[in-house]
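Next come two complexes, and both contain chain A; in the first it sits with chain B, in the second with chain C.
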Partner chain A sequence: MTVNTIYFTILTFSFRNIMTIFRRSAYSKYNTLSGSELVPSVSLLVPAFNEELTVIENVKCLLTLNYPTYEVIVINDGSSDNTLEVLREEFGLEPLPNPEMRNSIDCQPIRAVYHNPQYPHLFVIDKPNGGKADSLNAGINLSHYPLISSIDADSLLEKDALIRMARMYMENPEETVAIGGDVRIANGCLIENGAVKEVSLPRKMWPMFQAVEYLKAFLGGRIGWSAINGLIIVSGAFGMFRKDYVIAVGGYRGGYPGEDMNIIIKLHRYMLENKLKYRVAFCPEAVCWTQAPDSYRILSNQRKRWGRGNLKNMIENYDMAFNPKYRVMGLLTMPYNIIFEALNPYFKITGLLALVGYTLLDMTNWKILVVFGLINILSGYLLSIGALFLEELAFKRFTKVSDLARLLLFSALKFFGYAQLGGLWRIQGHIQYLRNNNSWGTMTRTSWKEESKAAKTA
Partner chain B sequence: MPNTAALQTEIEQSNLYVTIIQKVKESAHEANGVLFIYSVNAPSYLESQISGILESQPGVTFAMWSGHQPGSIAVLLPGQTLDTVHFQGLLLKQRIQEINGDLELHMALSSFPEQGELNEQLLKQMEESAKLSPAGDIHIFTKEEFQPSQTRILIVEGDATVREFLQIRLQMQGYETAVTDNGISALELIESWNPDLVLTELNLYGIDGLPYIHHIQQLNVKTVPKIVVLTEQRVEQTISLCFKSGIDDYITKPFSPVELDARIRRCIH
Partner chain C sequence: MYTHLTLAIYFIYVCLGLIGIGIALLFTLRLSHLNKEKKSKYYLQKHQDYFKFIQTHLNGTAALPLPPGKLKELEWRVIQQKCIEWIGQFKGDYREKLVRLCYEAGFVREDIKLLDSLFYGRRIAAAYRLGGMRAAEAVPRLLKMLESEKYTPLTIVVARAVAKSAEQEEQLKEMLQHLLRHGKPIHNMAADIVMESQLDASRLLLKLLDDENPDLVKVALVAMWGQAIPEVVPSLDRLVGAEQTDVRAEAVRLYLSSNPVLKDDTIKSLMADKDWEVRAAVAKSLGSLHAAGSIPLLRSALKDANWWVRNNSAESLTKLGETGFEVLCQVAMNGSGVERETAMYHIERAMQQNNEHEKLDQMVAYNKKKLLYERYFGVAEKRPIRQVAAVGGDYTA
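== the complex of A and B ==
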């Protein structure tokens, strides 16, 4: 019950904010900004590990953003496939004789930096395998600009995404330390020339559930959290940071998944401990499309990894929870995350056990039980609908009525099976953490071309 | 009322040019003056005033139609050469202004076949030019102006509104145009369609701006097209890199259409 109350509070914040965002997107002109010399330059960091299928398409997409000055730094994290070779061939890259690498953050020594003067804004770093965090750190060391933005190699940015984010940054450049973007599921969309041409929902079951989930998490949750400056995570798929502060907190932490949440917690901690005014913002207009895992095995791997990373971050930073020194972060965000996110499945299980016990002892009042269950499901459903309503209010990306109907249907179906699976995966992740199993797990990719072929034939 | 001075307002709009061409062909005269008059907020009696003025002169025969746009009037003056049509134009302008005070007339005139072969495209160009010319000005079309300009311009622009605007504007100036919205198909079009000039945005789907400029110059075509960049990108470094890779001009948005015309003309001649 408490969980739902908190969710509703957060959603209310989201709603309060969305009207501002809506007006903002209606009135501000990105075009005039997108060519201006005054927009701060950004280094896009793209860690790539075994991405030979999608990397070319993604880099091409990233090179055609609407943005005045930026560079794209692809970090080949010791891929065992031909990621580096396809990049070199496509863009005619040659190793730079003496790359200027600053050593502001510790990272593994790199092998080489590749560049082609014909593509002045593209750099490729080749380094031995060291994980995503280490790749990002290497990218930071090479980056030439004051802002950095981490982007997953399996994601496509909308042409305006970066300039929208920068605009939000420029509203308050002193205090903004990080901005998160909205991540959406690209499965099912029609992709052409590295851009999403037609938005539609995934056809398979697993991506569909995730689409509903992401919509709720990003629009219903993150907008609200950012309104009270209690955002605990900026998605690793698309976020923008101030480089000086990222360096100040020591860059990304290696060795564990959940580096995206970790860096934000560290930023919160650093800014609060040094009593600096700051803001971690969320920019829902900046959209990044990502490929969602479409099979049970890969999805469960991903979720176990998230569970593990989340637990690790919570354990590392437990001192922040309930500590008034850390304001919203310490009093609200951290406790919320520990109790309702990390420990959520255990509550569910104990509740279930208690229920079984009561039933066995014949102490249950069925009427009350059913009422409770219904209230629970209804309020959860209302939350999803709220997020969907936000989406339609401000962005209107899903135009087909059938898509809306499917979103509503899957929001309801989610409560029977998918939500429980989510809890199971989280527990499995925790078990992995306790057993010190620290593998990243496999992620398979489909080439974007095949994705959109499938979208066309459908 | 003389037979020839029929005021044919109800004539089918699309047939106007065809009718004029037909009349010129039928006429026994060696020269046939054509005059387009355009005025903003034209009073309804303007046409009758004009016909009154023309009728008052002995020996002048004419036919008159409403033009395609509101406020536009087409007049055919059989038997008149370029200089006599010009005289009629000046006379009309003066008389009308005497009667109506501040009413401004825009005119375009010529004589056929003295100044060239008459066709629909030409008449359209004249009517447009009457509308676009400064108030009080008389645009005289001579042989040189009618030289069919074969200049082909490829417009590459992602924004549909700007694209349409550019296409209409350049077409009205007699250029042959083709449009596309992304870099990949632009490269294909340059190879297959052979434009003389490419007017392009830098921020395109499909391909990054600088490599794209470079690609154009590497294409397997007889003559590499002139490249004029029209973009929102205003970063000095990018501009200088573009010039370094051999573009002919760089215009930033928001742009002045008149300046754009001038720059395009300079690139072509």
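== the complex of A and C ==
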């Protein structure tokens, strides 16, 4: 009940801001800004591990963004497939004899930097496998611009996504240390030439649940958290950062998943400890489309990894919780994440077991069990409806009436199995953490062309 | 216990009620949106002939006519949107005629009225459209709106509307004052907004350079990037010595972009400036100014604590003929640490450009550099081998 009350409060903040977001998006034209020298330059960092199927499409998409000055740095993180080879072949890349790495942040030594003067804004770093954080750090060391943007190699940015973020940055450049973008599920969409041409919901069950989940988390949650400057994560799939501050906090933390949450916690800590005015913002109109896992095995691996990363971050930064020095982060975000995110599955299980136990022991009756179960489900469903409302008010990405019906249906269905699996995966992630199991797990990719073919035939 | 249970059951009813209302509202919103979209498409189609007529008569002398017949509200809105779209695309007489059409159709009058609406959303939408229609009549009212606004992302929308519609420089200056009074360092954004104006902003920018408000000076400096004209040089001469670091840095950058003749003492003092942005800007310009006398200064700057200063110095050295290039080779051969790394990177970069010389003199210059390169590093076997340090390093990037 408490968790739902907090959710509702955050949702209220999201509602308070949604019309400003809608108007900002609707009444801003980017044609002048996207050709202006006044827009800050950005280095796009794209860590890639075994991404041979999607990386070409993604790099092409990134090279054609509406943005005045930027560079794309792909970091091949010791892929065992042909990621590097396909990149070299497609873009005619050759190794630079003396690549200039700035070594601002500790990272593994690189093998080579590839470049082709015909694509002056594309660089590919080849390095031994060291994880996503290490790749991002290597990218920062090569980057030439004051802003960096991390982008997953399995994601597609909308053409205006970067300029929308830059506009938000330019509204308050001194205080903005990081901006998160909205991540949406591309499964089921029609993709042509590295861009989403037709938005549609996924046809398969697992991505569909994730589509509902992402809508709730990004629109219902992150808009509200960012309104009170309590955002704890900028998705690794798409975020923009001020490079000087990322370097000041020592870059990304390697060795564990959850580096996207970790860097934001470190930024909050650094800014608050140094009494600097700052904001971690969320820009929902800057959209990045990502391939969601479409099988149980891959999804469970991903969620276990998230569970491990979350626990590690909470343990590393437990001192911030309930500490007024860290303001909203210390008094709300961290306690909320420790109690209601990391420990949530344990509360759920113990609560459920207690209720079942009371019923079996005849200390209470089935009616109470049903009533509290219903309250839990209905209040959760109400939150999902709130998130769909935000979508409908400001973005309207899914145009068909049947899409709305499906979203409503899956928002209800997720309480019967999917939500419980989420708790189970999180606990399994915690067990992996305690066992020091730190593998990334299996992650298979589908080519965007395959995705698109499937969308066309549907 | 039963009271709690009753309360819980009531709560369930409330949730169910809210869910029911929520779902109904969601479908209503979706259907009304689809309906509006469908109607808009229909009206666009319906008025195709009128739009074609307008396009073909844009270059005529007669005023453009209003659409025929009695129109519905959405129809007017669709036509207004089309006009705004064209006003954004055309300039000169075409734009003038379309703006006049917007006045005659009553679009401007209606939207000025909406600026007094009780609903903020309507006021902002009206301000946006008025900007699109370049409605000079609305500027005083928009400026008042801007004056009373708290700083939000939507302040930018109103400021842009003023910039697009303003017919006097003073109005642009007032807009800037309102925009910058919140103390946010949004000079780049403000400069971008000024550039949206249909007025020739260069006179205003010149005046702003002499303004006592440093924020306005900075907007003028960033707005003039890459287009310094001789008239600005006296003001820049003064601003190069300004106390505010950011104003000084911008002024130096702009000053150097005007290809000035720099005295040795001036170069020396600028290269010793405490602000790295100033040093970097000077280092960068020395190459394009062909200031061969500054080679020793650039050589020393290869050890600068800041990456940009080192990088720009090396780049300038490669542009300063064989003497500059040889200095780089010497540093790469005998130097150490960051200066050596910077030198090596730029030497290799210069050597890679062998295919890009179309003119004979460029080829000759390149070949001279190549000979120097081979003298220091040999043809293939003695190429400099880079050692990447994995820890520590440069925090100035």
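One rule holds for everything that comes next: the second predicted complex is superposed on the first by the 456 of 458 C-alpha atoms of A that agree within 3 Å, B and C clash if a C-alpha of one lies under 4 Å from a C-alpha of the other, contacts with A are read in each partner's own complex, and residues count from 1 in each chain.
Rule of thumb we're sticking to: contacts are C-beta pairs under 8 Å (C-beta built on N, C-alpha and C of every residue); 3 or more make two chains touch, one makes a residue touch a chain.
What you see is a predicted model; the values in this text were computed from it and never measured.
If you stack the two complexes on chain A, which partner ends up touching A:P95: first (chain B), second (chain C), both, or neither?
In the superposition, A:P95 touches no partner, neither chain B nor chain C.
A:G351 contacts which: chain B (first), chain C (second), both, neither?
A:G351 sits against neither chain B nor chain C.
Could you tell me if A:S36 is touching chain B, chain C, both of them or neither one (first, second, both, neither)?
both
Which partner does A:T64 contact after superposing on A: first (chain B), second (chain C), both, neither?
Touch status of A:T64: first partner only.
Which partner does A:G373 contact after superposing on A: first (chain B), second (chain C), both, neither?
neither
Looking at chain A, which partner touches more of its residues: chain C or chain B?
C
Touching A:G194 in the superposition: chain B (first), chain C (second), both, neither?
first
Now for A:Y119: first (chain B), second (chain C), both, or neither, which partner does it touch?
Touch status of A:Y119: first partner only.
Now for A:E174: first (chain B), second (chain C), both, or neither, which partner does it touch?
The answer is second: A:E174 touches chain C but not chain B.
Identify the residues of chain A that lie in both the chain B contact region and the chain C contact region.
32, 36-37
So in the complex, the part of chain A that touches chain C is made up of which residues?
Residues 19-20, 23-24, 27-29, 32-33, 36-40, 96-104, 106-110, 117, 140-141, 143, 167-168, 170-174, 243-244, 247-248, 367-368, 371-372, 374-375, 378-379, 381-382, 385-386, 388-389, 392-393, 396, 399, 401, 404, 408 of chain A touch chain C in their complex.
Along chain B, where are the residues that touch chain A in the complex?
182-184, 203-211, 214, 231-238, 241, 252-253
Looking at the complex, which residues from chain A come into contact with chain B?
31-32, 34-37, 60, 63-64, 66, 68-69, 118-121, 159, 192-195
Which of the residues in chain C come into contact with chain A in the complex?
Contacts found on chain C: 5, 8-9, 11-12, 15-16, 18-19, 22-23, 25-27, 29-31, 33-34, 88, 121, 124-125, 128, 152-154, 156-157, 184-186, 188-189, 191-192, 195-196, 222-223, 225-226, 307, 311, 341-342, 344-345, 347-348, 351-352, 356, 383-384, 386, 388-395, 397.
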